[in-house]
Amino acid sequence: MHSLPEQTQRGENDMLTFRFRAGAGKVAVYVLLCALAALMLLPFLWMISASLKLDKDVFRFPIQWIPTVPQWNNYVKIWTQIPFLTFFANTAKLTIIITLLQLFTSSFAGYAFAKLEFKGRDLIFLAYIASIAIPWQSYMVPQFIMMRKFDLVDKHTALILLQAFSAFGVFLMRQFFISIPNDIIDAARIDGLSEYGIYFQIMLPLSQPALATLTIFTAVFVWNDFMGPLIYLNTQSLKTIQLGLRMFIMQYSANYALIMAASLVSLIPVTILFLTFQRFFVEGVASTGIKG
Amino acid sequence: MKRLYTFLTIFVLFSLVLTACGTPAPTTQPAAPVGGAPVEAPTDAPVTLKMVAWDISTTPYWQAVIDAYVAKNPNVTIELIDVSSAEYQDKVNIMLSGGDESDIITVKDIPGYSAMLTRNQIIPLNSYIETDGLDLSAYSGAAEELTYEGSIYALPFRSDIWILYYNKDIFDKAGIAYPDNDMTWAEYEDLARKLTSGTGADKVYGAHHHTWRSTVQLATVQDGKNTVIATDYSFMKPIYDMIVGMQKDGIIMDYGSLKAGSIHYSGVFKNEQIAMLPMGSWFIGTMIAAKNAGEADFNWGVAKFPHPEGVTAGTTAGTLTSLAINANSENKDAAWDFIKFYSGVEGAKALAKTGNLPALRTAEVLDIFASLEGVPAEATEALQTVTVRLELPMHPKVGAVEQILNEEHELIMTQSVSVDEGIASMTRRVAEALAE
Amino acid sequence: MDAMQFTHLNKTASGARRKTLTQNLVAYSFILPNLLGFATFTLIPMAFSLVLAFMHWDGANVVTWAGLDNFKELISDETFRIALGNTFYYVIGTVPPTMLASLGLALLLNQPLRGRDFFRTTFFFPYVASLVAVAVVWNMLFHPAMGPVNQLLTALGVDGAPRWTASVDWAMPTVIMASIWKGMGYYMVIYLAALQGIPSYLYEAAEIDGANAWQKLRYITLPMLTPATFFVSIMLTIASFKVFDLILVMTGGGPGRATNVLVIHTYNMAFRQFRFGYSSAIAMVLFIIVLIITIVQFRLEKRWVSYM
């Protein structure tokens, strides 16, 4: 039995509210949360601190959290020392294209696996799930050789084709669609709506939360992806941010201050994306059938 | 049952396909000293050569040598493909596995060289060398290091050697004479102990051994009696005992701290936390740049690498950077002509001008290097070598052995095992690996 | 069940067959965009790599048949045994604490608190942050000599504080801690979502019956969360068996082989020693282990997961 999606948005749970009427308990919780949050944000703070130092002082002990002479021009250097803007644009382009393709093909397929009966359905879905268990490191070379035969190496197309069709996306969307009651769909079928019609007019609008969830997961993954671009991109003008960061590590030295500055700058779009979509987020994962 | 049948069928099909096609095989024969055709004079037809290298934007000599070559051979265009240094060999391996057709592959280190050579991805150069009458002894033994079973698959163009850097100001303050060019390792340890002073944030360490295994193991192969691919590693015991002892007594920073803190030798030297530093000649360029940027304004000098008792001063270890020709290249002759230039006198001069040590070290070339601004006066003598040994010798299983040595080195240096245990483990594991 | 189900039976047999064919075609048109891409670019290389387990291949020359040689070698491979043990150590050390921590956080952040959205975003942050930065900072915090953690321990009078990633005994616990820290925000979100789905009338009814907070937790919340717990345990277990990046960046598999896990061993065999066949054999062992555990989890699902 599955709950209706409209029912998922609830207020706070009552189970522990009694504890919070007591003031002392509340203060203790806030203290705990603040301490934990500080722990979570520690790398972020260290990154900011490191990005404003000279490279030789980044790893100096004892840690100097506030640099005595902040090197603000580190943030200028990252744009001039490497073609950071090009990398930014490339990463954005790849992220957008792959995310859109993922959203479309995964939800399309997810609907079929969830709501349609067809030959081979369970076998194919099993193949999707089983594939999650295999680490990428073990098939990345055969995959590369195949892509080379298709003459797709050193092109963005290679990365797009590799990452736009994932098992995780299909799995997530299928779980979500399963939680939508059949009554709606059956009623639509009686009304004569084709499966395509059902998908576009009913399922897609209902699945905004799951789509938002998939958007964040996919976008974060592609944005931070390192190995894919490393293997498939040779030409400088095609490279991505993560490859650009590695350019600050040279054979006998590395400029960690610049790496941190560039990493922070590249965090901004992802954070904005998360903040934008996170209101759908909680709702979205709720409806992926995990609550039954 | 039906599903199982389907799976088996698919499996068998795949196996057949795999064994039948294999991968894009190299276009030349396996490693017999045949090489390419004898070299005719390069034609004037326009040729584009692709060359794979690293740190292109931060290393001036790549382009400098290319410019010099193109000036003399205007029909040649050379394209550089940049791969980040930390992932260089991984990426090159994958590129070559996929059948990449870049013409010139820069060889970064011996494991990479061994990998490409044993898999027939680079061609032997013997016939080219014979036809052009190259005298490889000019490379002070480097060519021998690159020769495997009679064939040489790359020409060295850059060779950094290990020397000793020291902070003159720290020596002056302690009232101790600078290191001379004929020091044994025992004398080095003595000196380091005398120079260690202070505590906490003000501590000055007498010496420094970076986390690379080579900083310890180089000294063990300097006398030429053993290499790091051995059947018995007890020859390493004296040096390990010395270094671990220095670590325990706080003469050098301990390995665990260095690793966990990602501490780089350049940082501690620039911050004047160490008195002496055995390191490669590439660091001269780094220090000059640091001084120009105002990051390090103390006095520093260089001396010859310390040596074991009974070994001539000027025997040191080195690293080689060389150039190889891709077996899949379609312009092998043109590529050879370029490699010859790069590794020859012209290339050497261009390298020296940019503050890097070429493999071809004639007096003229060394003079150019020593006269660069910022190079300490002692360099002229310090850089003179009698024998340069490679830390990792060419061997088909060098990759596997290196992995084992790195792991055991880490265990010894973090004092997780005793020196004896570590060495015994090395001996056992390497023997197993070589036996396979 | 409604009348809709039975209208199909009213059609003629051939009509029903035609309908099934159309049904299949329509369904395939839905899955084909994804399936074609997935099958071509992912499934096929995956299948190749699994078959490679029965071959010898160095990544450059011809592939030759090996039969079961790779698997026989696995049995006597000391590094494989170490990696296998380490992998289980890591999974057992990571999965339960991460689940507990993320559940706890979710329960905590489901309360009416000020700045709740800020806290939720903060806890999700480690998942989004660059792995390089995470590893560097974590190593700095746990630096054996100068890190704040050990300085605190020494100040508290602890003699001989652990040397964390520089020690064979403490390297894996350090990595496990970093992993829990990184993952708990991610799975917290899943639990948060699930908590939203528990109908409040259940709690109201319980209050009327005089249940206290602990009883509500035990008899309503936790049982209602079992589907979420199931989902998290599966995804987390699989991800933990496949751990690679975090360990590579934090310890490289060391010191020695103290944190060498199966995927790192696979990677070393393939990319350091060019033994792709052997590497695939290791990957296949990993795959089978994960498959078995996942199947067991699915079988057990019926016993403890309650769907409403």
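For clarity, chains are labelled A, B and C in written order, and residue numbers in each chain start from 1.
Assume a residue touches a chain if its C-beta (ideal position, glycine included) is under 8 Å from a C-beta of that chain, and two chains touch if they have at least 3 such contacts.
From a predicted model like this one, the values you see are computed outputs, not experimental measurements.
Enquirer: List every chain that touches both subunit B and subunit C.
Expert: Where subunit B and subunit C share a partner, that partner set is A.
Enquirer: Looking at every pair of chains, which has the largest contact count?
Expert: Ranked by C-beta contact count, first place goes to A-C.
Enquirer: Hey, how far is the Cα centre of subunit A from the one of subunit B, in Å?
Expert: Here subunit A and subunit B have centroids separated by 39 Å.
Enquirer: Centre to centre, by mean C-alpha position, how many angstrom separate subunit A and subunit C?
Expert: 15
Enquirer: Counting only residues that touch at least two other chains, what does the list for subunit C look like?
Expert: In subunit C, 48, 52, 59, 136, 140, 143, 145-146 touch at least two other chains.
Enquirer: Could you list the positions in subunit A whose residues touch two or more of the other chains?
Expert: 59, 61-62, 141, 147, 256
Enquirer: By the touch rule stated above, which residues of subunit B touch at least two different other chains?
Expert: Each of 23, 90, 97, 261-262 in subunit B touches at least two other chains.
Enquirer: Touching subunit A in the complex: which residues of subunit C?
Expert: So the residues of subunit C touching subunit A come out as 2, 4, 23-24, 26-28, 30-31, 33-38, 41-46, 48-50, 52, 59, 105, 107-113, 117-134, 136-138, 140-141, 143, 145-146, 148, 181, 185, 189-190, 192-200, 203-204, 207, 212-213, 216-217, 220-221, 224-225, 227-228, 230-231, 238, 241-242, 244, 263, 266-267, 270, 276, 279-280, 282-283, 286-287, 290-291, 294, 305-308.
Enquirer: State the interface residues of subunit B toward subunit C in the complex, per the touch definition above.
Expert: 10-11, 14-15, 18-19, 21-23, 25-26, 90, 93, 96-97, 111, 115, 118-121, 254-257, 259-262, 399-400, 403, 407-408, 410-411, 414, 416-417, 429
Enquirer: Looking at the complex, which residues from subunit B come into contact with subunit A?
Expert: Per the stated touch rule, the residues are 3, 23-24, 54-55, 57-59, 81-87, 90-91, 94-95, 97-100, 201, 261-264, 266-267, 270-271, 280, 282-283, 286, 295.
Enquirer: Note which residues of subunit A are touching subunit C in the complex, please.
Expert: Going by the criterion above, the answer is residues 1, 3, 7-20, 29-30, 32-33, 36-37, 39-44, 46-47, 59, 61-63, 104-106, 108-109, 111-113, 116-119, 121, 124, 127-128, 130-135, 137-143, 146-147, 161-162, 164-167, 169-170, 183, 186, 189-190, 194-196, 199, 220, 224, 245, 256, 259-260, 263, 266-267, 270-271, 274-275, 278, 281-292.
Enquirer: Which of the residues in subunit C end up touching subunit B in this complex?
Expert: 47-48, 51-52, 54-55, 57-65, 78, 136, 139-140, 142-147, 163-168, 253-258, 268, 271-274
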